[in-house]
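Okay, handing you the structure first.
Chain IDs A, B, C, D, E and F follow the sequence of writing; residue 1 opens each chain.
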């Protein structure tokens, strides 16, 4: 079973370490490598993304990068090796500055939306929860942006 | 056998039509689609290139675009369908403004290099022939840029 | 309700016209523009994809391109204007060469998989149905590639 | 002298034609091709942008695309040929659906901001004028997003 | 006030350390993230650039990477957190080999241009100062490349 | 003289270190930077690739990344400084998980093809040697994919 999504957890520390992992993919089709992003996120990756790269012999290839907690390095490596064509995964620890976060709920004309509140020194940012906004937009046939504006209007 | 390369031919007209052809590739690996550029160029394409695109279902895919003389549309379509995984090729005629071109030869400290001279209204541009410069750089273990500078120094 | 997916339909003609539509997006976030691909595909687009572009003032922007039947031009335009921040949609008809297609079903050690068979002159290509392979891979915890290889082994 | 910026003009028609022009750049450095975007915009281009492409012989090249009024085709071609290394410019007319636009001014805690209001059928979108928001953000040392949120809060 | 531009300083050491910082941006528009590059450069970054990436849920996102002196790590982090939507910045020290550099001034038919001269072992490279060439090109309505060629012709 | 290609060697260890090196290129043309990939691979790089990046002042630039054995760091740095316009190379050691590999030869209707067999825990992957498949495809005028399918059909 899948844990509560990280983006919905309260985080209080402002520094940690993250594990970066990467592999270059040149012998697998786009459609077969695509599902690996969701597989990795479901297994606890903090982020997973593709970068277009141009390899030797004019190959229009793809770099797969994964970020996770250091404790998950072996699990992510296993999934990358199993679900992509790569034969090697490079990895390294990076430091990270994180904005501590909290959540508030705002009530709009379209319904309730959670808003992530992140702070760092004198910086304060509000980020409406994407999943909430999308659910409302779909259910009420609205453009996503209409929902975001409705949320911003309730922030004081 | 392969014709004299287009970039080495004298061209005098200043307008023509070109055939654009394109296909999106999402079910073929980078290493297997890569050789198609050279295949198409060898068959007379004026240009052939890849653009990184992001398709449905998070696929890190590739668009293949080919430019050729309108008379070569069927030949290029055949090669695209044979050597890539696509099941369809879209195409259309575009107009083109072309700078008439001529060639001069300049003698540098490293050897002779052909230089393409192109003109349009009051514009005149000099373009050292890449293949000549590369051959000299490799033979004499020079950086390519040293050869280009040597050529520019001979342009009056 | 959603129609049978186009990729699963038998197609017999070898030429048609497609409507290309495009817009450049520079004032909408990645997370808010992302769902539009699926919205457009669900509404009958033949393809919809993003291309990374670099606009004026150093903006790391995105081009949205949509391909559809000419009869769907107005519907697609409406969805693009509603769900993205663009204020204009450019469009044009392109010609298209299409490989007529048929389907066969192959039985592998992991289960049945439909295979698209496309032909054009002397070219014949087999394309295992992605959705079938993915469903099997997920259900049996296999790498996608294992399923594809199993399918290829049954093609004669 | 430079005309009033297009993005600040009221537009009432909902359809027009635009001229697309394009060229592939492989023999000019990034720093020397970069200023051409601003040159083209200053000369009246409606949009001008770069797309990363991968050309023959493994060249990490750039496509330059320009959109303008059809009447400006020759002027844009001249600038592209003068300020880039390309020897040819391809071009074609595309149709365009445009959302008619009007402007309102909203007063925020940080100052006045013009907001573009665009409509099409039942769609209505508000787009705060980027230049106004940027000027305020710089003058008052704010994050741009704070200014946008302040504008959204005044829209009703 | 802004310091003398780094590219115009004489550098004598051939090795140092640089601080890499990066963040993925998926909930901020292209037009609002664009100005951050100049903000970071003005604050002393050695380099700052965007890379197109493809994140989860089909998001056409952007990676922001910053390079600076290790002593500037906190200042750059603050600016990245303030002016982008990211909630975390990853960072790490890399080693760097640098070519010691000096400057000469060459006099061309169009005016004076500084040229950076960099050396490493037996390698020597000349790099005309971009800002000087651009200023001349604009003032005298020349293509940038004409100015560069004029400079190369004066390098003995 | 050039060593046996790495991809054809048997590898037995499952972890090692690799040297990452990178440089941003903004003052060199695509055609002049392109040959550096092959130069680096010929000198023993494990991988070398370009990533499209967007630098300050709207430059559509290119990042060059090289991976090599740590012992080759100085040799690679020299080649990057000699053959590109960059004045600095950043570098760092990363860890790597590698799948031990062995080779088998399969006999297809078109000829013999070596197949790389890589393993890690319970993962086993087969990768037909690209060079062998390409040589057969060219000699017998086949699409590459036909050769790959023929190889897969012989894997039990």
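Basically, contacts are C-beta pairs under 8 Å (C-beta built on N, C-alpha and C of every residue); 3 or more make two chains touch, one makes a residue touch a chain.
This is a predicted model, so every value here is computed, not measured.
Q: Which chains sit in contact with both members of the pair subunit A and subunit C?
A: Chains in contact with subunit A as well as subunit C: B, D, E, F.
Q: Computing the C-alpha centre of each chain, which chain sits at the greatest distance from subunit B?
A: A
Q: Measuring between Cα centroids, which chain is at the maximum distance from subunit E?
A: C
Q: Using mean CA coordinates as chain centres, what's the gap between subunit A and subunit E in Å?
A: About 29 Å, centre to centre.
Q: Compute the distance, rounded to whole Å, between the mean C-alpha positions of subunit B and subunit F.
A: Roughly 24 Å, centre to centre.
Q: Hey, what residues on subunit D touch two or more of the other chains?
A: In subunit D, the residues touching two or more other chains are 27-28, 31-32, 35, 37-38, 50-52, 54-58, 60-61, 82, 85, 92, 123, 125, 130, 143, 145, 148.
Q: Assign the assembly's chain-to-chain touch graph to one of these shapes: line, ring, star, complete, other.
A: If you draw each chain as a dot and join those that touch, every dot ends up joined to every other.
Q: Would you tell me which residues of subunit A are touching subunit E in their complex?
A: These residues of subunit A touch subunit E: 18, 20, 37-38, 41, 47-52, 65, 67, 92, 94-99, 101, 116, 118, 120-121, 123, 125, 127, 130.
Q: Where on subunit F is subunit C touching in the complex?
A: For this pair, the touching residues of subunit F are 52, 54, 56-58, 60, 123, 125-126, 143, 145, 148-149, 152-153, 155-156.
Q: Within the complex, which stretch of subunit C touches subunit D?
A: Per the touch definition, subunit C meets subunit D at residues 24, 27, 51-56, 61, 63, 77-78, 81-82, 85, 87-92.
Q: State the interface residues of subunit B toward subunit A in the complex, per the touch definition above.
A: Residue positions touching the partner: 25-35, 37-38, 50, 52, 55, 57-62, 85.
Q: Which part of subunit C faces subunit A closely enough to touch in the complex?
A: So the residues of subunit C touching subunit A come out as 28, 31-32, 35, 52, 82-83, 85, 130, 134, 143-145, 148.
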